[in-house]
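Just passing along the structure, written as structure tokens.
Naming follows writing order (A, B and C), and every chain is counted from residue 1.
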Amino acid sequence: MAVVQPVSEFQGRSLWQDARRRLFANKAAVISMIVLALIATMSIVMPFVWQHNFDDAYFDRISCPPPDYLGMTGLFGNQAEMCPTAVGQGHIFGTDANGRDLFIRVMMGGRVSLAIGFVATFVALMIGVLYGATAGFIGGRVDNLMMRFVDILYALPFIFFVIILVVVFGNNFLLMFVAIGAVEWLTMARIVRGQTLSIKRKEFIEAAEASGVSTMNIIRRHILPNVLGPVIVYVTLTVPAVILTESFLSFLGLGVQEPFTSWGVLIADGKDQMESYPWMLIFPAVFMAITLFCFNFIGDGLRDALDPRDR
Amino acid sequence: MSSILSVKDLAVRFSTPDGEVSAVNQISFDVEEGDCVGVVGESGSGKSQTFMAIMGLLANNGKASGSATFRGEELIGMKRERLNKIRGSKMTMIFQDPMTSLTPHLKVGRQLTEVLVLHKGMSEKDARARAIQILDRVKIPDASRRIDQYPHEFSGGMRQRVMIAMALVCEPQLLIADEPSTALDVTVQAQILDLLQELRRDENMSIIMITHDLGVVAGLCNRVMVMYAGEFCETAKVSEIFHDPQHPYTRGLVNSIPRLDQSSETRLIAIPGHPPNLQRLPKGCTFQERCTFAFDRCIAERPKLTPFAEERAKSCHLKGFDSLGAVIR
Amino acid sequence: MLRFIARRLMGAIPTMLIIIIMAFFLMRMAKGGPFDQERKLPPEIERNILAAYDLDKPLFQQFIDVNGFVCTAFLTGNHDPAAAAARGLTYDGTKYVNDKGRQFRCLGGYLGKLLGGDLGPSYKYKDFTVAELIADGAPVSALLGISAMLLATVIGLTLGTIAALRQNRASDFSIMTIAMIGITVPSFVMAPILTLILGVNLGWLPVGGWNEGALQNMILPVISLSLTQIAVISRLTRGSMIEVLRSNYVRTARAKGLPEFQVITRHAMRAAILPLISYLGPATAGIVTGSLVIEQIFNLPGIGKYFINGALQRDYTLVMGVVILYASLVIMLNLVADVLYGLLDPKIRYD
């Protein structure tokens, strides 16, 4: 007799499937993911295949504008007139003040910026999740003490902290990751702790405790999967924050050192040449802005997908 | 008697990320002066949204169409400035959840007086005196002291009294009460209902009582409209609906009320199944899949609300039920 | 309430102490010292300089020195027998003794001086104490930061509220897109672009310099500094306002027939700005970070340049001074945020 069964179709879809469906329905997030994947792939592959190396300096092609491909000659100047030697050499973004190909430097800078973004975020993630989950799970005095420590670090104006760390350890690639990551984990720890505290009081944790599952296993098997949502969202928002921090440091002259480069360094250099050679600022700035845009859109999309109150 | 509120072909639709949902489907009814109408239905039946639409309180993604006139004035699509002259003064509403329905950072007194200052143009001082008076009226002890307290210093029942006071303070012609007692303890529930009954007797106003509880309707209302999946399935005088329900859904509701005159061995009869998904309602009767009497016409054709006796109407293809409860096809 | 503030201030003491310790030892772990120069100094001169600044002692003793008679902190800046006498101490040529003839011991080293309110001399800006340098730069930075913060709050709050009220309509999308740009384009890109357009091309505003804080010199730095914060605040406001507008009590307020403006200002705004108040602390940190860069771009005589130069040139005391200043600022503003929070939300009691 009952012909239609509209309800059953809606059951049995898990939170994650639901979230994925919502995320993929979000156009801005999907486009962002594609663009981001494109930029990342280009940054990784291009240095291997491009006709110029990132540290090849051509002294006859210093500060050459890009060829006129978007009708932007008015803005950039005419390549053939200003730099006859650069014509047909594939300097699609022009060259920098040392006569190096800007395109490959932007790609190389993307490699470094994205790497710093991901590695530092990973460091933050590891420290933050372990610390926060432990504090939240154990609770009581230990929790108090541990979070107190986080509060203390919060009160430290963190840019000073990073600057001091960079000064102390020199402009070391790896330490830059660690320094930024060591600062960014604080918020992560807070989020995870809050989430853990609320989950800890749920019945299924009591059930696991009652059946004798060890603390470590409860954290790993029950708590971590449940704090994943907010953590993923925070991660996608931390990567761009780290890239920005790196660019700040580069601007202050504390970033990646020559001949290596990052978007921050390129922007900082380009800014000085802005009036005469605007492409040196525009290309890296556009790449960085697009990347940050994408991360933010993905982060927003994920948040809406995982927390489906319509914002 | 003239009608205070007259609703014609009112429909409410919500656009959600998962598609359009029609919460209320082309309903029509009138509320007469001095009426107390009960609107009964389970959650999601559209009973609250009907009146949210009338009050202009639909969520952003909701849209009302059709007509609802208050004393001859069209409310649907009315300019907000004009609507604000009516709601809160001539037509007021009490909500289901008193715990969250008062602004937490404003003193109770302020939330009362602002209505008087706005609609009656009273001075703060006069408004305060009137507010104390009305708090007294809804039996809040020590009103002159409590008027200066914040909502979180009140219990749930007391907060609902404040809400009622707020709704009464301008002496409205129509009071819409949206499950005013549902969120409260049983004893407090009874007190609130007693209060409403007393107010209904003393103040000259019409009341619309939205509830999922037929018992509430029995004690308070003279007329009842039963809602299911955004439509009325039966409307009747209260005196008739309990002993002679004519729609299978109404029968189910009446049968599921525990009765003192039955032995405790008698099991309550529940209605099987769930309400239909409002996103894609069946072509035929919305109640068909839960109805024990459904036949092929029910699947093919949606029944309309049709009068069949004085002040009674139902939307069902069955002829009805006889006095013994047997179905007449 | 007063007790709450007092307890929070007490709680800030260990926090400050840990920050000071971390900054002190981290700074000194760096290679090189303040007096390293291209040409090596003769060893005896270098020794003398180090000794003059206490830098010849073991690291820990530089930080805290219990036995030293460098009690200057408590006894004004220098050896001042008169000031010592006022405290019942006499100077016997090598040490201070009290009336019972016992040696007066007090905290020396960096911490000891600090407790006495002495941030020490700058190692690089000869003839200046750190306090003097900070007093020189702080007003500029403070004026800049406060103006930027006020501007960001007013504009961010307005834009966020408008976006929330027009949720998912054209004005919402355009405000949020602009906010996104504000977040993704760093201020050190925005600032030069603004300068190029408004300063160089149109010539409306000066491109840099302080000029005793003249208004036209303030405009570009303040705008550049506040852009990121405007973006963040409008996003925060939009989110919380949407949440509040959906709450039951806003529905009640609307059902009462209140005009929308009153619904927003009287009933919704209070709860909607609570998240903003918690953001006060991080916002300060953001403004501080931003001002490091902005002061450099516009060549403003604020604290930022002292910090950067100090860090690069190992001017330990100067860096410490700035860190302490900003840490206390952040702690204070977090406290202010908590107090404001309590004032705005009657449900929170200080216990």
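The working rule: a contact is a pair of C-beta atoms (placed from the backbone, for glycine too) under 8 Å apart; a residue touches a chain by one contact, two chains touch by 3 or more.
Quick caveat, the model's predicted, so the values are computed rather than measured.
*Asks:* Taking each chain's centre as the mean of its C-alpha atoms, which one lies nearest the mean of all protein C-alpha atoms here?
*Replies:* Nearest to the common C-alpha centre lies chain A.
*Asks:* Most C-beta contact pairs, which chains?
*Replies:* Top-ranked chain pair by contacting C-beta pairs: A-C.
*Asks:* Take the average of all CA coordinates in subunit A, do the same for subunit C, and state the distance between these two points in whole angstrom.
*Replies:* Measuring from centre to centre gives 26 Å for this pair.
*Asks:* Quick check: how many Å separate the C-alpha centres of subunit B and subunit C?
*Replies:* Whole-Å distance between the two chain centres: 56.
*Asks:* List the centre-to-centre spacing of subunit A and subunit B in whole Å, with centres computed as mean CA coordinates.
*Replies:* Centre-to-centre distance between subunit A and subunit B: 52 Å.
*Asks:* Hunt down the residues of subunit B that sit against at least two other chains at once, touch-wise.
*Replies:* Touching at least two other chains: none.
*Asks:* Hey, what residues on subunit A touch two or more of the other chains?
*Replies:* none
*Asks:* For subunit C, write out the residues touching at least two other chains, lowest number first.
*Replies:* Only 167 qualify.
*Asks:* Quick one: in the complex, what on subunit C touches subunit B?
*Replies:* So the residues of subunit C in touch with subunit B come to 167-168, 246-260, 262, 266-267, 270-271, 344-347.
*Asks:* Tell me, which parts of subunit B touch subunit C in their complex?
*Replies:* Against subunit C, the touching part of subunit B is residues 55-57, 59-60, 80-81, 83-89, 92-93, 95, 97, 100-106, 114-115, 118-119, 150, 152, 163, 166.
*Asks:* Which residues, counting only subunit C, touch subunit A once they are in their complex?
*Replies:* 12, 14-15, 18-19, 22-23, 26-27, 29-31, 167, 180-181, 183-186, 188-189, 192-193, 196, 200, 239, 242, 281, 285, 288-289, 292-293, 296, 307-308, 311-312, 319, 322-323, 326-327, 329-331, 334
*Asks:* Hey, which residues of subunit A end up touching subunit C in the complex?
*Replies:* On the subunit A side, the touching residues are 151-152, 154-160, 163-165, 167-168, 170, 240, 244, 247-248, 251-252, 267-268, 271, 274-275, 281, 285, 288-289, 292-293, 296-297, 311.
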